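Each chain gets a letter, A, B and C, in the order it is written, and its residues are counted from 1.
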Amino acid sequence: MRSISIRSKESEQSAILLGDDPEINVDIDGLSFSYKGADSDKNVLSDISLNIHGAQLVSILGPNGVGKSTFIHCLNKILDPTGGCVRINGTNVQDVSIKDLAKVMGYVPYTSTDNFPLSVTDTVLMGRHPHSKWGSLDDDLRIVHEMLQLIGIEDLAERNFNELSAGQHQKVMLARGLAQEPRILFLDEPTSNLDVRFQLEITRMLKRLSRQKNMLVIMISHDINIAAKYSDNIIMLHGGGIYALGKPQDVITPDNIRHVYEVGADVIMDRGRPHLILIDDDDTDYDDDHEYYVVEKVAVG
Amino acid sequence: MSENLHSDSLVERYHHLTMRKLLVLVVSVIGVIIVVGLFSVSAYDNISLMEAYRIIWDHIMGVEYEPRTTEWWADRFIWNTVMPRIVAAIVAGASLAAAGALMQALMNNPLADPYSTGISSGACFGAIVALVLGLTITSTSGQSGMIVNAFVGAMIPVGVVILISKRMPLSPAALILVGTALSYFFSSMVTYLLVITDADTLQNAYIWQVGTLDTIVWSSIPMMVVVTAVGSAFVMLLTRQLNVLSLGDANAKTLGLDVEKFRVVCLIVMAIMTASIVCFTGTIGFLGLVAPHLVRILVGSDNKFVVPISMAVGSFILVLADYIAMTISDVPVGVVMSIIGSPIFFLLILWQKKGYGTVY
Amino acid sequence: MALLVDFIERYHSIAKRRSFFAIVFFIVAISFVVISLGFGTYKISMGEAFDALINHLTGNVVNAKDDLYVWDVRLPRAIGAAFVGAGLAIGGVVMQNLMQNPLAEPYTMGVSSGAFLGAVLSMISGFSIIPALSGDYAVVCNAFVFSLIPVALITVVSRFKKLSPTAIILLGIAVMYVFSSITQYMMVTAESESMASAYHWRVGSLSKVTWDNLPFLVVFVTATSAVLCACYKKLDIMYSGDRCAQTLGINTTFFRMFCLIIVSLMTAAVVSFTGTIGFIGLVGPHIARMFVGSKNKLLLPGAAAFGAAFLIIADTVAKVSGINGLPVGVISSMVGGPLFLYILIKKNKKVWN
């Protein structure tokens, strides 16, 4: 069963962090976060309670600066929440060492501004670090190869990471996140630099992997339609808290979009999924002289 | 209505900031005046602070005293012993601070200072060649030969930097790296010369390196004043472009600024300003680095204000440091500067805001 | 399946090709240790020097004077040069990695200015951190202890405030300035003779390395280098930035401080014996990177071998130039400056942007 719900207050206890447990249950209880020192003590996130159950694809939506990335960073311990806690199958994330956490949680960052001069293979191989033992290099390489094939970038294997384009970077980072073989994978706008084909392919693949590998995939997205098309559930953040959550068709509604993003929108249903069409409220007509504005190809010679 | 309120408070805040800027400016000017008085009193024991001001004023107004009266003696002492170094401190402080503000804006780097392109080590090299080997570019020896050598030496690294950037466009970070490499090279030559020389020459050279205002005489002042006046006027004219440059090279280009050319022109101006000071005083550190930072903390980052206020603050700091250097202990002003400056620098770093992020 | 086997094989063969350079550097370094025995102010041919070395090892010393110069003076100095060069280069690799800054070097933390202050305190004002010591021992001891102050300070600050790599560099520079301002004051007010000897101390030289202090140097450099080399995988991951490294299971704050302390220990040991030898720590890693790539598994040993070879050559030049000749610190900076400039211009795009 794949579900997502506002968390009820009582919580069940269990012992270990995932391990062989086929169930994934992420319990977020009263999570708050504020950046120290910066603009007074205004909370970026305040009192978020949430339960995510089952291997699924969850998308986090929300306008710029609402705290989507901060939210994810609180979940995987990059930031320490200032209030509340995160439990995975009953174990508090704060009690788990970074090293143990890395065996279970993967993270694909939004930008890779850090241009490092390693080959793509070595970069993806980093993902194996949490699992690595002496002499496991060839096994790790096998997994790296599998992931490169999965993302379709075997041809880049020997290129240096800092020679690649933004879209290729994104694919490499994705391969690295997958090579980590996590049970929970966080992605920060994983398809922002990709062309339409790969936006679809990668998101579809993430959904497929959530089933195949029994993995919970949580991604931040600005592409509402892609999120709606593939996500099992959607979390919409607004004003430091959860504005709406649930199935795409319940969350992606004209009212929600208008309230959260402050733009008008129509939602049509396309193959059982909501599809957003944006409306510009400003109806100034600029199209007075179509003949005048021309872009055309010029024959040479 | 709410929009009105908003813009009202914005105007109010803007005025508040303007007041602050004025305040900083006025405080530093008053500071300079006070230190000038104290300095003058120290030159001749038998006068009060007020008398000192009156004597200076009278001198400027062209009043002649009866020979061999107290006032006549005081006037002579003040004018011949402390006044040259006071004027030099004021001018050098203003010039180095302006050059520092210019470099930091130009390189988009909070750690840049007038010496970042290797000017100081080049100047040192020139001066020490004169001091240790007795080789001068002009046939004149002694003080003036050293000054010319230092000036020319200071221009060499900048010349190389500019030549390289003509051949290939360099990012600000790469410019600083080139400067660093050049200054290491010149420092190693300086080190070599100092290792082979005798102990006394070594100490003299070392003191020159640290920077001192003891040796300033009236004849050095005109060049310092003229170059500083012209240079800082030039910098003031460019503050708007400097602000644009703070958005980064790519953005500045799309706003119509020929970034590479602008940078080269500014580098030349900055180099001449700095070299004209350094060749007389030696390499006084910290001022060019710290003064603009202090000002930015106090009045914000608009170069239109940062440059002139830095000049005032720079003058005040250097005059004060020189006063301390002369009265409390007889050490070169450069030592006082670094002893005062380095803890400030330390605190600046500890209190740094996010914006100070990228260094190189 | 064939694809996979091919993929794994190619990966290994690239690694092998790269390690070839590291091995070449090593061979060069070791042969230079031997060759350098033939150079110096005492005139002796390379063959004779080699004979003297063999004779000493086999226990039948023929020419006592030859033996003295080759075995007691030149050999420890050459070995010292190798270890100092290797240590500084490894320190440079690690610092550039941890600080995510191509300009970082082992002295970035203020180690050298600390050592100099310690030495100056001992040489000019006769202060010794261990009262029982005096003379050269006090200088070395002072230098060692003072050179560790900056890293200690940064460690303390990092307990209260999370420090970014940039902040660490800046703090290092600040401490360096504070120290050198005190040093400046002492130098300027000192007698010119003791000031001169302090100045000479700072300019790096390997002439102070003898059989007595060599073991200390070798043990320190070997132990710390071994620890750093053992971290090669984590160092690779640090390339990808703190956040990513954390999600891959590395406690970045702890790891960075740990490595900084190790590098500082090593640099302190080196500096307190040799003074400040610049540029190997800065340029060595960049040059090694051009040959063996950026993977730390190869880069660390490659840079070490290059640093060792470079410093032995530089020191040989220093020896040949005589008593009043070029100190090795000056040579390495003189060669290193333009070399650095060249690399900078050649690799402008690739390394820096």
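In this section, a residue touches a chain if its C-beta (ideal position, glycine included) is under 8 Å from a C-beta of that chain, and two chains touch if they have at least 3 such contacts.
All values derive from a computational prediction rather than experimental measurement.
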item: Identity of the chain that, by mean CA position, is farthest from chain C; value: A
item: Chain with minimal offset from the mean of all protein Cα atoms; value: C
item: Mean-CA-position distance for chain C and chain B (Å); value: 35
item: Distance from the mean Cα position of chain B to that of chain A, given in whole angstrom; value: 51
item: Whole-Å gap separating chain A and chain C, where each centre is the average of the chain's CA atoms; value: 44
item: Residues within chain C bordering two or more other chains; value: 353
item: Of all residues in chain C, those that touch chain A in their complex; value: 3-4, 7-8, 10-11, 14, 100, 233-234, 236-237, 239-241, 243-244, 246-251, 289, 293-295, 350-351, 353
item: In the complex, chain B residues that touch chain C; value: 111, 164, 168, 170-171, 173-174, 177-178, 180-182, 184-185, 187-189, 191-192, 194-196, 198-200, 202-203, 206-207, 210, 286, 329, 331-332, 334-335, 338-339, 341-343, 345-346, 349-350, 352, 356-360
item: Complex interface listing, chain A residues touching chain C; value: 73, 76-78, 98-103, 105-107, 109, 112-119, 121-123, 126-127, 129-130, 132, 138, 141-142, 145, 154, 157-158, 162, 180
item: Of all residues in chain C, those that touch chain B in their complex; value: 101-103, 157, 161, 164, 166-167, 169-171, 173-175, 177-178, 180-182, 184-185, 187-190, 192-193, 195-196, 199-200, 203, 278-279, 324, 326-327, 329-330, 333-334, 336-338, 340-341, 344-345, 348, 352-353
